[in-house]
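In what follows, a structure is listed as structure tokens, so that the remarks can point back to it.
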Amino acid sequence: MSEPFLIGDSMTGGYGKGPDILHDCTIAVNPGEIAVIVGPNGAGKSTAMKAVFGMLNVRSGAVRLGGEDITTLSPQERVIKGMGFVPQTSNIFTSMTVEENLEMGAFIRTDDFSDTMDQVYHLFPILKDKRHQAAGELSGGQRQQVAVGRALMTKPKVLMLDEPTAGVSPIVMDELFDRIIEVSRTGLPILMVEQNAKQALEIADKGYVLVQGANAYTGTGQELLADPEVRKSFLGG
Amino acid sequence: MDFLNAFVALSNFVLIPGIAYGSQLALGALGVTLIYGILRFSNFAHGDTMAFGTMVVILFTWLFQSWGISAGPLPTALLALPIGIVATMALVLVTDKAVFKFYREQKAKPVVFVMVSLGVMFMMNGLVRFIIGPGDQRFGDGERFIIKAGTFKKMTGLDEGLAIKTSQGITVVTAIIVVALLFWFLNKTRTGKSMRAYSDNEDLALLSGINPERVVMITWLIVAALATIAGTLYGLDKSFKPFTYFQLLLPIFAAAIVGGLGSPLGAIAGGFVIAMSEVMITYAWKKVGGYILPESLEPEGLAQLLSTDYKFAVSFAILVVVLLFKPTGIFKGKAV
Amino acid sequence: EGQPKEVKLGILFGFTGPIESLAPTMASGAELAMSEVSESGKLFDGATVTPLRADTGCIDNGLATANAEKLIAEGASGIVGGDCSGVTGAILQNVAIPNGMVMISPSASSPGLTSMEDNGLFFRTTPSDARQGEIMASILADRGVDSIAITYTNNDYGKGLADSIQSSFEAAGGEVTIVTAHEDGKGDYSAEVAALASAGGDILVVAGYLDQGGLGIIQGALDTGAFDTFGLPDGMIGDSLPTNVGSDLNGSFGQIAGSDSEGAEIFAGKASELGFDGTSAYSPESYDAAALFLLAMQASGSVDPKDYVSKITEVANAPGEKINPGELGKALEILANGGEIDYEGATGVNLIGPGESAGSFREIEVQDGKNVTVKFR
Amino acid sequence: MSDTLKHTLLFAFVGLLLLLEGTTTAFGVFSGSWNSSLTILNMGLISAIMALGVNLQWGFAGLFNVGIMGFTALGGLAVVLTSMSPTPGAWEAGGQRILLALVLGAATIAAAIYTYRKLAAGLTRTVAMLAILIIGFVIYRAVLDPGVAAVESINPALEGNIGGLGLPVLLAWPLGGLLAAGVAWMIGKTALGLRSDYLAIATLGIAEIIIAVLKNEDWLSRGVKNVVGLPRPLPYEVDLQGDPAFVEKAASWGLDATTASTLYVKLGYSLMFTAVLLVLLWMAQMALKSPWGRMMRAIRDNEVAANAMGKHVTRRHLQIFILGSAICGVAGAMMTTLDSQLTPGTYNPLRFTFLIWVMVIVGGSGNNFGSVLGGLLVWFLWIKVEPMGVMLIELVTSGMSEDSGLRAHLLESAAHMRLFTMGLVLLLVLRFSPRGLIPEK
Amino acid sequence: MIVVEDLHKHFGGFHAVDGASLEIAKGSITGLIGPNGAGKTTLFNVVAGVLPPTSGRVLMDGEDITGLPPHELFHKGLLRTFQIAHEFSSMTCRENLMMVPGNQSGETLWNTWFGRKRIADEERALRAKADEVLEFLTISHIADLKAGEISGGQKKLLELGRTMMVDAKIVFLDEVGAGVNRTLLYTIADAIKRLNEERGYTFVVIEHDMEFIGRLCDPVIVMAEGKKLAEGTLDEIKANDQVIEAYLGTGLKNKDKLQGADA
């Protein structure tokens, strides 16, 4: 198998001087693919995402994007290389309006991004109503929509989402997954962490199960869904 | 009854000085509020930054004067102002690199920043006194008055005079321009918005591709400019003495807080609230009363609510009252 | 016997803090007297005098007492200081009296210090406020002033002086329209000027300091046209005031301690040679304070406070040969030969009662941008 | 190195500094005088107590109180009101009137608050409140002013105030705490709803108001004219020097009477202050390690959640605000006792508020031992940066020629090295331990 | 048990809760669902005393509790969790739990100095209780970690754990499930059920996971635009067209495309 487009390869590391959270953990995604990471709480899923994005030091292992080693780049440099990320928590600018949040998503873009913004508003109509409201005043689910919208504004080369559907209503979740599929159809690789694992694995090309910072199971989405052990331990039976 | 004289007296002693002082406080408060809004700490070194900037302006003003360069009716200091601003910019950038950056990387708590800024304050304190000494410096020149009290009396034939100093005029005009610019910059430009984004959520700003160091740098540059302008105008209007500038910190912070930390409009409003309350509440209304009230009602005493001994107490009392009703200031400031 | 080759004198002023702009010239004044004595070679057998500077912060009792202890530890034989009355009291009570150390303050004029139990260890070269108030009232009366407004710097000097001017002036039948304080070190005096203007009065008496709030008040009053003549007590007399204010100050008047000797001018001349402003507040008083120490030591032949303390009043007062600034060498020689002197110094020193300066005064008027002595009182 | 060892070493270091100050003149920084060393120690102990009070408020509960100066001054006022003897005739002349006026003033405010609570928002309420306040103010001034004038006219140069109760001065320490606590209660009731820097500036302002009152209400404590010669809990040095028994005792230790007497008094204060400090430290430490401390930390971390978990946040804030302020009041009373005088003009925020904050932060906020260490160490530096600064200047100028103008200028400005060096030291300490020397666990 | 009468909560001109009236029966586990921004959290906040209502009343066991502050409601047995976790970040997870019970004698200053024995005993019991809860939530291993340094889902569990530290009468759970691993979530569902059956707690649960709601809740209330839209069993709700349109949706549209492409 050739080298994947984005790969966090055998990453080991943790926060600051604390203990290692990740142990030889590998995650990767290719263009047109949706890769989903699942696992118990505290397994290190978010940590793995942050490691790929350069927000913590990996003690060993490497991160490569399009064959280029970006292990030493700062998060901001990775953004410029075309990586987009929606963190799990504090993922919006609470004091800025919804519209400004989206504009900030497009910060590195120099072209006209008004049509991208229209697309986001089309995807999340509620945001259009609230475009001039401070994002901090939104409901939990609305915030989540802003966060995802912000990442889409970047027009990234690879999109990383940490639990994008946490707290959104079923109808919006379906919309969101639809949109994610659509986006991935355009060739954009998508790496996401999900606790709504069943739905997520159904649309996933590739699934990782992380346990205690290490890869426990890896396979296609369908494979994992079919694995009784995985179902029982991580997908709620 | 003589409303005209009453109004002129009130303007001369209360309104005009109050407005000028208010603008000076406002310009100072803008710097404080900006640091708070974007870098999220109360910068106690601001008074001494103002002193430093003003000092450089003074030194160059003297140099220009010795060369015979002047700005006609305007103070020569205005010509030296850009140099002062540049020097102050250099100073704050160096300070930031040498001191504050470390704590930003550590993600230290705001109170640690406050203490660090106290340390910086002490050092700048020493630096300024080293260079120019602790004494009083005067550097105003050019036309001192736009209109003099005596001239006004002759012109209008009124009993009361009205004086407007050039420095007062410049202060007010500058304050208006600077605020408008700043407001536009922060709310409408990309860089301005990125600064607000940074202040809101540093990590996320990073993820949006905003260069935090650039945001910090621009903030300091603006603050340096504001501090130098504020300090120079204050010095032109009153006089320059390092200790006074340090003392100025208190009303400046009061202004920034009443207005709402982080809000440029609030800084302006706060500056006027503080300045006006100092002057108004302790004003002896005797003279004004004498003009507008009928003879029989003329006040016997001074008609003064509180003696001027309490002017700071009054402005702080008003501050506390405002905060009780608007806990984060008039313009809904931030709180970290 | 054991007369030292080096005499150390402490200089304990507020080099930082509210009066930091006054302290350096005060210290220079004191050091001028010391170097004069050293250079004369007449003290003991050619002893040199070494100044030891230390800071009071003006308003920091803790710092001031710690530094006073330090001066004593370093071997100071006397302390020129302190400056602000608060710290002066603290040093006196907690360091000087317990250690039997003599203090001569050039600037603490509070009447409260007069009554303090000081074991005869405390002196000052600045006259007490009560006396100056009477003088000022009589000057005002002579000039036909009917009503005055008073503003004072909000410390014991200003407050005491204002009180005494008010009571003396009212006793003489004048009207005081308002008495209001101003704080030094705050640049804006709009509120004070507004209140003073509203109250009105023939002239405005400014019981403050010429390079502190007093200057700001005068500037503000002139700018707004509130007052055009000012009454200037000693804290406001100095060359820098007419220079800074300009011709508008002409016609204002006041008084400062000084006899009809030329002491003040001589001192100012010597000071400007050395590059400091000898008319700055309390600089001459500081010179006198240091000089008194050294003269008293010479007279007693000892640097032990116990021995020389009794000589301080002796050298300061008549009988004896009058001594002006610059004549310290001569004075030392007279004393060495067992003669008597009457030290006049830069401020016409004359000590009365418990270490107080009696103070004769010069009436000053600003003419053509200069302080001119018009009369002695 | 274990934490305990490190912390012990830090305290030992401060001890060593004081020891050096007492014994050697080496390094140009120390003065080799035990008197000097004990003077520094005594103020250091008081500072440590203040730091403890501030740490209680900030470290435990996250209250940003920048009004320490005001509470310190109130403690000082308590000393005057407790220990001075009453001014003869003042009470009859105007004292009662003043008291009445104060009661009326309080009644006015109470009435205004009552009206505010009872009436619904609207024009009526505003008008009613304004009317009550204005009429109340006029009556208050009408009653107060003659009383004040009467009291202040009694021998104004030396007295002019109502004097005190003539009680033993040691009683003033707890009473100072009580007075500060009372005022803290009033402030807390009104201002504790404010957050972070808003609370800070409000308390700063209130402290300024307290000082303004002290400076200008001469009938109370002579205003800027200062009260000097306050009684002391310890004998006067001159009396000791005149006491043959003491002189003999001193001689038997090989000390002359002057040195012995000054050391005796200072040591006496050191012991008293240390005792107070230890008691307060023990109490603070016990409180911190108990469920009460846990609750406070929870409130500091997240008020909303603590409130939802049944903790009465406002009441707890008030409680700790009062406690911390009372401690500052006690320290203020101790300081005024040590100075033997009340000098309202000396209270300024840099020295009495921000310096204390520096102590807390440098020591390590949230940690009681840290505050004590910070208090002692920073006070030592505050005194000693002056010679250090001069040394620095001499070092810099040593290479320059004798008559260089720059050299003269620098030497002339040496006094300003004090604050400069303070800044430098502060930055260095915070650089190498940003969370303080003894951080919160 | 809880009756909400015509409750309004306006933010400026925006009516977040707009005349909602509902009743929560004693001993029930009531589900509260509705589109994002329907006003569920706001309703919780008003009932729990965090926000003052614009108008309307809240009754608990017949007693008017409108506008009571949260700490008083806590002592009346009303507890809540937060949608966005509100942990005490500088305290350990165990301490996060131990601080919950009210009226601890160690919370009085006097006792911290003079009642140390009693405190020690109480603390031992509390600690045991906290460990039990941690064990139950399968997070014993993080007991001594600072709550600020645990994962998002773990914070959610801790949030839930706090409500288990005391004997509550009614517990409001705001999306405990968001971000929690499904296997664990269903374990939690069982626990809630147990608390409900064995200890008689009443629960109100906001959740967007229908499977979770289905396992647990009866009845289910649907809110939309600040009002009650429907109420009934989950099956009834699922059949309601309005609810489908506003909230549930009809599943993935692109799913077929996806499968097709893979094939």
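Observations on the model:
The letters A, B, C, D and E name the chains in turn, as written, and every chain counts its residues from 1.
Here is the rule we go by: a residue touches a chain if its C-beta (ideal position, glycine included) is under 8 Å from a C-beta of that chain, and two chains touch if they have at least 3 such contacts.
Quick caveat: nothing in here was measured; it's all calculated off a predicted structure.
For the pair subunit A and subunit D, chains touching both partners: B, E. Listing every chain that touches subunit B and subunit C alike gives D. A comparison of the A-E and A-B interfaces places the larger number of contacting C-beta pairs at A-E.
In terms of the distance between Cα centroids, subunit D is separated most widely from A. Of all chains, the one whose mean C-alpha position sits at the greatest distance from that of subunit E is C. Chain centres here are Cα means. That of subunit B falls 30 Å from that of subunit D.
Between the CA-based centres of subunit C and subunit E the separation comes to 75 Å, rounded to the whole angstrom. Averaged C-alpha coordinates give centres for subunit B and subunit E that are 49 Å from one another. Looking at subunit B, one finds that residues 129, 133-134, 307, 309, 312 touch two or more other chains. Annotation for subunit D: residues touching 2 or more other chains are 215-216, 416, 418-419.
Contact annotation for chain pairs lists A-B, A-E, B-C, B-D, C-D, D-E, with touch applied as defined. If you check the complex, the residues on subunit D that touch subunit E are 283, 286-287, 290-295, 297-298, 300-302, 304-313, 319, 323, 440. Residues of subunit A touching subunit E in their complex: 15, 18, 39-43, 45-47, 88-89, 126, 137-142, 144-145, 163, 166-175, 177-178, 181-182, 185, 195-199, 202-203, 205, 232-237. Contact residues of subunit D toward subunit C in the complex are 31-33, 35-36, 39-40, 43, 156-158, 215-216, 222-226, 228-229, 236-238, 258, 261-262, 265, 335, 338-341, 343, 345-348, 351, 379, 382-383, 386, 412, 415-416, 418-419. Residues of subunit B that touch subunit C in their complex: 9, 12-14, 17-18, 21, 24, 129, 133-136, 138, 145, 148-150, 153, 161, 163, 165, 234, 238-239, 241, 243-245, 247-248, 275, 278-279, 282-288, 302, 304, 307-309, 311-312. Put simply, subunit C touches subunit B in their complex at residues 17-18, 20-21, 23-24, 154, 178, 180-183, 185-188, 190-195, 197-200, 211, 215-216, 219-220, 223-226, 240, 244.
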